[in-house]
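These are the structures in question, set out in turn.
In the two assemblies presented below, chain A is common to both, partnered first by chain B and then by chain C.
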Partner chain A sequence: MTDKGSELRRDGDWAVLRIWGEVDLSWSQDVRRQVLEAYAKAKALAVQLDGVSYIDSSGIAALVEGFQHARSKGGRFALLAPSEAVRAVLELARLDRVFPIYDDLGAARSG
Partner chain B sequence: MSAPPLLRLDFPARAESLAEVRAAVQRTLSAQGMESRVVARLVLAIDEACANIIRHAYRGCGDGTIALRIARHRGRLRFRLRDRAPAVDPGCVRPRDLSECRPGGLGINIIDDTMDHWRLRPLKRRCGNVLTMVRRLRTRKT
Partner chain C sequence: MNALPFTERSNGRRANDQALALVADLAQSLASTLDLDAALNLALGRIVGALGALGGAVFLLDAATRELVCRACAGPVDIQGLRIPADRGIVGRALTTGQCQIVRDAATDPDFTGAIDRITGVRTQSMLGTPLMTARGPIGVLQVINKCDGALFDEADRDLLRALAAPAALAASNAALTADLLEHARIRRELQLARRMQRSLLPKRRRGGFPILAVNHPASEISGDFYDYFDLPDGRIGFAVGDVAGKGLDAAFLMLRCASLLRFAGKEGLSPSVWLARANDDLCETVAGGTFVCVAVGYYDPATRTATWANAGFPPVLVHGPAGSELFRAEGPPLGIVPGMNFPVQQATLAGRSLYLFSDGVTDARDASRRVLGVDGVVDLVARHAQWRPETRLRRIVGELRRRTLSDDTTLLMIEAAA
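Here is the complex of A and B:
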C-alpha cells in the first residue's frame, strides 16, 4: 500500500470511499472530486477514514461538501471509523456533532 | 536578547512543501519534550497558517517563498511566518462562526484555538506579511 491513496467500492446500495495517508492542501482537491464523483454511482456514500494519519481543514472541507451534496440531493452520507487524528480535527471544528459517524458500514446502514 | 531559533526553514510556497514542513516542526517540538497531543495540535496550526499563505496571500501562484522560525523564550514558543506576497488586510483575517456548517475558513479557528495569541502584520516598506503566533508552554489549551 502506498503512503496515501484511495479506493472506491460498491457494497449494496452504498459506495464506500476508503482514504488513507495524509490529507492536506496538496491532495484535498482530489479527495473532494472523488467524494462528489462517488455520488454519481450511488445515493449513499460512506467515507472510511481509519487509515488517515493527518487531515487539515482543506480535507475537512472536502467532507463537508460531500455531506452538503448528500443533503441537497436527498442522499445519505456517513463517515466510517475516523482515526484519532481525524476525530481531533472534527472536534476542533465542532463537526463531530454534525457528521453521521459510525464504526462500520453495517452500523451506518441501520443508523 | 532573544533566544536563537529552534528551527529556521525557508521553503517554496507550494502545497507540496507542507509535508516536509510538518515533519520538521514535529521533530523540533518533540525534541523540546512536549506532549505528543500538543505537538500534533501545534503542527496542525502551523500547517493551516502556511496553507492560508499559499492559498490566499500568494493565491496559489507557487512562485513565492515562506520563512518559518520557531524560538523558545521565557516559557513561550514563538512561531514566525514571513511571506513576500502582497499585503493582506489583518482585519479580514479572523475566526468564523463554527455553528455554520460550511466548507472552508476553518484554518484561522484552528490557529486561534491553538495559540495563546497571534498577530498578522503587513510590512509597510517591503512586500510581504509577518504572522507571529505565541503559545505558552504551560497552558490549559490542548
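Here is the complex of A and C:
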C-alpha cells in the first residue's frame, strides 16, 4: 500500500492542508473532517495535492464540501499543484470549472 | 460445577445437595430462556429464598448511558426499571472492580449512597453483590440485601451467589447478542427493501430491436448509480445515466430524487443543456454539502440515428464503430455544486456505430495488481467485444469487469441503431 498522510500549516492568512497518498473511501471521511477543521483556524484554505497518487469520488466530495463551505461562509478555497492523477480526474469531470486551481499559494493569494 | 468452593464450605451434605440442585435448576432455566426478564425474576426469587435474604436485584449495564438498570427484583418494593450511575455505590463498585462485595454494615461503607434505600424505604444493613462476568467484561451486578434472620452474609453465601451469577450472566449476555443479531437482520431487510425499490425504478429491458441496453451492478446493497430511458411523443427516446457521489442510504435517496427530477424534465423534451441546467439549479438548492451528481442526459432519434446529449461531470461518452473510437468529454461540472452553470450540447450520428455511457465504477475497476482500468482501458474493452451482437457484447463486457475488483457502483448504458 502507498503511504498516505496529511499536514496542516499556517501561511499568513491561509491554512494549507497538504495531503498525499491514495484518497479513497477508506480515508476520505478523515480528509473531509480535516478540511472542515482547518476552517476553524483560517478563513482561507488551500489543499495541496502534489503528492496525491489517486483520488476517487468520495475524495472529490471532501474537496467539494470545503469549496462549498468557503462559498457559504464568505471564505476562500483553493487547490494547489494537483498531481497529474488528480488533474486528470478534475478535468474529466470538468471540476476545473468549479475549483480555483493554482500552482502555488502565491498565485492563490493574488488570484 | 461441583468443583466450586461452596460445596466444600457448606454445612453438610444436605445443604450442599440443595445448593447444587439450585445451581443446576437455574443454569438450565436461564440457558433455555427466550424471555430474559421473566427468567431473571424467577431465578432471583429462588436465589433470595436460598440465601434467606429480604430482597435482591439484578442490574444490567446500559453502555450508552453508563447506568445500571434494574432488570429484575425480589423483595418488598418493586424497583424494576430503576437506573443508577454505573460508577457509584456498592453495586457500582462490584461492577468496576469485577469483585464480589460482602458488606456487613452498609452505613459505615464509604461507597454506600443510600440511593436505593430512599426509593424503597427499606434500610440496607448487610449486602452481598457480585458482578455478572462475561468474556466481554462485566455486564451487570447481582445483589441481595439483609438476611431475614438478622445474621450477616458469610463466605458460603458469597460463593453460592457467585455460582448463581454465572448462568445469569450468560443468559443476559446471550439475550444482548440475540438482540444485536435481530437488529442487524432488521437493518439488512430494510436495505434489501431499499434495493428492491431502487431496482423497480430502473426501466425494464425492452426487446424487439429497442436501441438502448443498460446494466447496473451496485457495489453494496444499495446503489448511488442510476439509468433511465423513456419514449417521447415525437418518436425520440430520452435517456439519463447518473452517479451520486457517496454510497449507502444518503446516496440512494438522492439518487431516487435525482432520477425522478431528470425524468420529469426530460419528458418535457427540453434541450439537454436546459434539462441539466434546471436540474443543477434545483439540486444546488436542496442537496447537503459535499454531495454532487455526475450525469449525462440526452435523446436518441431513431429517424436520423442521431444522439444529442449534455454531460455534467460524467465520464466521457464513447462512440465506437468500424472506423475507430471517438470520446466526448464532459463540458459541464457535476450537478449540485454551483448554480447557474451551463452544459453545452454534444452530438453524434450512430449509423453503424454504438454509443457507450459508463460510470466511474467502470473506469475505477482494478486488476490484480490494483491498476485501474481507466478511460483508455474501457475504449480497449469495448473494441475487443465489438464484433458481438448488443446483448452478448454487453454481457461479455460486464463479465470481464466482474473479474476485476469493483469497489464502486458500476453502470453501463449503450445505444445502438437497429440493424
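The rule we apply is simple: the second predicted complex is superposed on the first by the 109 of 111 C-alpha atoms of A that agree within 3 Å, B and C clash if a C-alpha of one lies under 4 Å from a C-alpha of the other, contacts with A are read in each partner's own complex, and residues count from 1 in each chain.
Note that a residue touches a chain if its C-beta (ideal position, glycine included) is under 8 Å from a C-beta of that chain, and two chains touch if they have at least 3 such contacts.
Everything quoted here is computed from the prediction, not taken from an experiment.
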item	value
Fit or clash - chain C, chain B, common chain A	clash
Touched partner set for A:Arg87, first chain B, second chain C, both or neither	neither
Chain B versus chain C as contact partner of A:Arg109, first or second or both or neither	neither
Chain B versus chain C as contact partner of A:His69, first or second or both or neither	second
Partner chain in contact with A:Ala61 - chain B first, chain C second, else both or neither	both
Those residues of chain A which chain B touches in one complex and chain C touches in the other	24-25, 54, 56-58, 60-62, 64-65, 67-68, 92-95, 98
Partner chain B, residues of chain A touching it in the complex	22, 24-26, 54, 56-58, 60-62, 64-65, 67-68, 85, 88-89, 92-95, 98
Complex contact set, residues of chain C against chain A	243, 245-247, 289-292, 294, 312-316, 329-334, 337-338, 341, 360, 364, 372, 375, 407-408
Residue ranges of chain A in contact with chain C within the complex	24-25, 32, 54, 56-58, 60-62, 64-65, 67-69, 71-72, 91-95, 97-98
Contact footprint of chain A on chain B as seen in their complex	15-16, 18-19, 22, 40-41, 44, 47-48, 51, 54-55, 98-99, 101-107, 109-110, 113
